[in-house]
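The following pair of complexes shares a single chain, subunit A, combined with subunit B in the former and subunit C in the latter.
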Partner chain A sequence: MDALIPLFVAIPLISAFLIMLLGKLVKGFHRYFAPLTLLALLVMAVYEFSGLGTSSIQYTMGGWAYEGGFPVGIFMVLDGFSALMLCIINLIGFIALFYSLSYIRKYTAEGNYYALFCLIIAGMNGVVLSGDLFNLFVFLEVSVISSYALVAFGVGKTELEASFKYQVLGGLASMLILLAIGLIYWKTKTLNIADVRNVLDSGYSKPFYIFIQVLLISGFGLKAAIIPFHAWLPDAHSSAPSPISAMLSGVLIKAVGIYVLIRLFFNMFVFSHEIAVVITVLGTVSMVIGALLALIQWDVKRLLAYSSISQIGLVVMAFGMGMILLAKGDNLPVASLAIAGGLYHLVNHAVFKGLLFLNAGALEHRLDTRDLKKMGGLAPVMPVTSSTSFMASMSISGIPPFNGFFSKLIIIIAAINGKFYLLATLAVVVSIVTLAYFLKFQRFAFFNKSPGKSLEKIKEVPFPMSFSMVFLAILCLALSLLAFPSINDAVLRPAINVLMQSDLYSTTILGL
Partner chain B sequence: MEGMSTIVKKITQLMAGLIFLYGIYIILHGHLTPGGGFAGGAIIAGAFILLILAFGNSALNLKKEVAGSSNIESVAILMVTILAMMALLFGIKVFFFNFLPKGTPGELLSAGAIPLYNIFIGIEVAGAILTIFLALVIFKEESSK
Partner chain C sequence: MTVYILCFVLFLVGLYGVITRRNLIKIAISMSIMEFSIFLLLVLIGYIDNGLAPIVDPGTTGQVYVDPLPQAMVLTAIVIGLATTAMLMAIAIRLYRKYKTFDIREIKNLRG
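The block that comes next holds the complex of A and B.
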């Protein structure tokens, strides 16, 4: 079981370069090989996740573990939280790749697309598995640099502009993160996350670490598009090819943004009340403003991109509330509930936002437009797209019995129990606003009268695309089962434990 | 792209081989002296870039070259990952396991598999930098038409 961990990075890496080599010789090689790779990774991720439970596995590169009590080697750590993220990454990755089989045919250079897709997966798997700050940075760069290329894949004017904007802001974020990592290395003389925690436990100068934490919040905030740092996201996510938008919005901003932020602030730094408040405020602001900005969009994918900002804000807010309660040290059950809600919504958002971007891709594939004003009356001619997008819209707006309802309910209950009455009210209001803009999407795309254009020529999308959409729609319903305590315990509890007992991560790795 | 004057061409002819050899030296001594695969690969790519800049070439020939360099790059990185996973084939569940005899420290043939990694990383970096350079040159040639 140990030997599987580095394969999560090695397999997509090998397959990316095999596609580059053999794709030129064997016709259609990439079309079969890339989905098989992702399927294998998905099976491996589910296998690891099911066998793991609440334990955690450490893997040391090259067999270098400890020299004189210090961890000198590069660690890879698989615990509940990273196993959950691995499952999401590889699941959404496989679905998006399967969808691409027919979607990406209209572009040239298909081989490059599949190779870059495998590289994104390799980078993200590396980020969630890495137990070492510098390696985390390297894997982060692997995934975001391939995403720069994929955003510009259409090589039109808007795509290149969006990609350039994304590169400039992404480069800025990477610089801030690298600076913070350098400062941590300077003070603690180690890059191992667990060992940094160990050093911090034995005393630290607070102002210096507040500075590092602010750098990290800005850096990973830029990657996760929390609101003062969100400017690149609506352009990048709306001009990428749709499966890539689903990957970026559904998984990438979570794996390289939220996951790392949560991992570092829960398991590496000692909680401080000020930073927890900053994170909560940032989350709340992006939740509210993202929803209001989404309301006025007429471009389908821009609407979805702003909605991503809003939903990510909700997730960050939930984790922030958990951090405030944990920093105070009282009311731990409520903190656990807030973190559970945040994690649950993280999983749900990956599924329904991935589905919504795939729906938008189906519309774009058949109509060649993303403008809501030019659509209408598509429900009879595209039944699969229409029904799946209706399910996803209801799910993201928090209508029972879909999964979004339960995760939002848990977050709101946690906010009320933790006496964050303002945040609970705002979460409810934002949920109503979300319902408003998704009803707008439904009405103008599927139920309004058609703007004069004949609809006879428009057909339902081909099988790979409709299969992916139906699969994710079923998952939207199935994930609401996680609201049951027993299933919740089995799936989310290991991840919640990692975050609640924040010392556990460092002590198990260092074997203290 | 046009070539440069005779003086530049002659000096380049004299220097390029030396630069190439220096790159190989840096790669092979990667486990003994500062430098290694990345630095040496960049120097080797520099030798090729110098030749292309001095002598010039048509966009058509450069396109053939870019296909070659990107293939070499892919092969090299595949070799690195296969080397890293080699120990798994022997039944040792360690990634990046140094499976060759270590030798005496300070000798050229020592440090087990690390010189092999350096060689392949050198080829990979040289191929990658050359590919990026050629892509930029081809883009400039085609857009200036």
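The block that comes next holds the complex of A and C.
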């Protein structure tokens, strides 16, 4: 099984190359090849995930493993957490690409779109699998540079402006991350995440590492758009083509932001109580402010982008609560519950935010506008879009029996049991605010009176788009099964174990 | 110690440029300055006084070599930096064609 690991990076890289090369010669090559690539990756990811359990597999690049007991090669590590992320990335990737088959027809240079899409997937798979800090940075750059290009894909005034803003802030974040990696190498003389942990266990100077941790929080905070680092997200996510918005909001900010932050802080650093408090406060602030900013938006995709900030804040807050409890060392079951809630909400958010952006794309595809004030009365003419977006809206605002309800419930129960009463109250309040702005979206887009006769002639979107939306809507319902303890154990337990037993990662890789 | 401080000063020069300049091209140049200050720091991390280039000759012993890993890292990072700068410049040129200006005060369609 370990032979499959490098293929997660190699297959999309090669197919991006082939699409550019053969797309010019064979007509329509990219339209068949790119979805097949993503489908193959999805099948591989699910296969690895189902066979993995709580174990972890590692692959060493070129067979360079240990030299005198020290890891010298580049390691790729697949454990419960990264397998879960792989499944999310490739699932949303496949659905968004299938949706693009009809959506992207209005743009020129389709071949470039599919090639860039494959590159973004290759980069994210690499980030998730990498066990080496610098390698992680390289894959991160692969995925974000292709996302800069994809945000500007429409080459209109707003797209270019958003892409420039995204690039300046993203470039700043990359520099902070590179600086932190350099400083880590300076002190520990190793780049392997597991080996860094091992070196840190034998003592370190605290102020220096607090400086590195702050650098990493600001770098990956910029990538994950946690408030106060969020300025680029509403512009970039609302200007990109809709399937790309679904990818950016659904997986990119999780794979290169939240995932790396969580992985480094749980499995590489021995985090202190102060850092845990900082992360929790950042999460809470972005949860509250993101929701309040989303309330006043009239642009559909901008509303969804601010809602992403708010939901990511909730996820970060859940992980932060888990970190505080772990740093204190007591109440471990509650810490595990908080982390479980965070992971569950991470998965759910990928599904329903992806779906909502696809819905917004369907509206934009048919109406050529994103302004809620110009919509209305679309429920009878676009039944699929209307019903799926209703399910996603109910899901994100936490209405049973959809998945969002259960993950929010787990987080709130964990907050109450861990005696974070203020955070629990804020989570409930934010949930109500979320319901308010999604009801606004539903009312103005689908149920209000139509502003003019022209909207009555609108047709439903073509099959690839409606199929993707229906699939994700069914997944919204199906994921609520994870609330059952037995299913939850089977799916999320491996990932939770990786984070709860934070030493296990380094000891299994180094074979100590 | 002085070289590290100079490195940091170079970083701050770049940051100052990104924050205060109003021309898209000057912002891109400032980004490059920041990038290269970090590359310089990475090379300095691997530097050892009187160290030789890390080409190990089996015959000789007792030689001091500089650390080759940061050099490999910097080479990779320079290539990545090239890609980012090219992307930034491409977008800046497309923006100029749309707006007929490089001034960021004129380019403000997105707000709120």
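One rule holds in what follows: the second predicted complex is superposed on the first by the 510 of 512 C-alpha atoms of A that agree within 3 Å, B and C clash if a C-alpha of one lies under 4 Å from a C-alpha of the other, contacts with A are read in each partner's own complex, and residues count from 1 in each chain.
In this section, contacts are C-beta pairs under 8 Å (C-beta built on N, C-alpha and C of every residue); 3 or more make two chains touch, one makes a residue touch a chain.
No experiment lies behind these values; they were computed from the predicted model shown.
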TODO: Check the residue A:G63 against both partner chains and state whether it touches subunit B (first), subunit C (second), both, or neither.
DONE: first
Task: First, second, both or neither for A:L178, with subunit B first and subunit C second - done: second
Open item on the list: For A:S239 in the superposed arrangement: first (subunit B), second (subunit C), both or neither?
Closed with: second
Open item on the list: Per the contact definition in the header, classify A:V138: touching subunit B only (first), subunit C only (second), both, or neither.
Closed with: second
- [ ] Between subunit B and subunit C, point out the one touching more subunit A residues.
- [x] C
- [ ] Examine A:A490 and indicate which partner it touches, taking first as subunit B and second as subunit C; both and neither are also allowed.
- [x] neither
Open item on the list: Between subunit B and subunit C, whom does A:Q297 touch in the aligned arrangement: first, second, both, or neither?
Closed with: second
Open item on the list: One more residue to check, A:F164. First (subunit B), second (subunit C), both or neither?
Closed with: second
Task: First, second, both or neither for A:P6, with subunit B first and subunit C second - done: first
Open item on the list: If we count contacts the way the header does, which residues on subunit A are in touch with subunit C in the complex?
Closed with: 134, 138, 141, 145, 148-149, 152, 155-158, 160-165, 167-168, 171-172, 174-175, 178-179, 182, 185-186, 191, 234-235, 239, 296-297, 302
Open item on the list: Under the definition above, what is the set of subunit A residues touching subunit B in their complex?
Closed with: 2-3, 6, 10, 13-14, 17-18, 20-21, 24, 59, 61-63
Task: Of all residues in subunit C, those that touch subunit A in their complex - done: 18, 24, 27, 31, 34-35, 38, 41-42, 45, 69-70, 73, 76-77, 80, 83-84, 87-88, 91-92, 94-95, 98-99, 107-110, 112
Task: subunit A partner contacts - residues on subunit B that touch it in the complex - done: 70-71, 74-75, 77-78, 81-82, 84-85, 88, 93-98
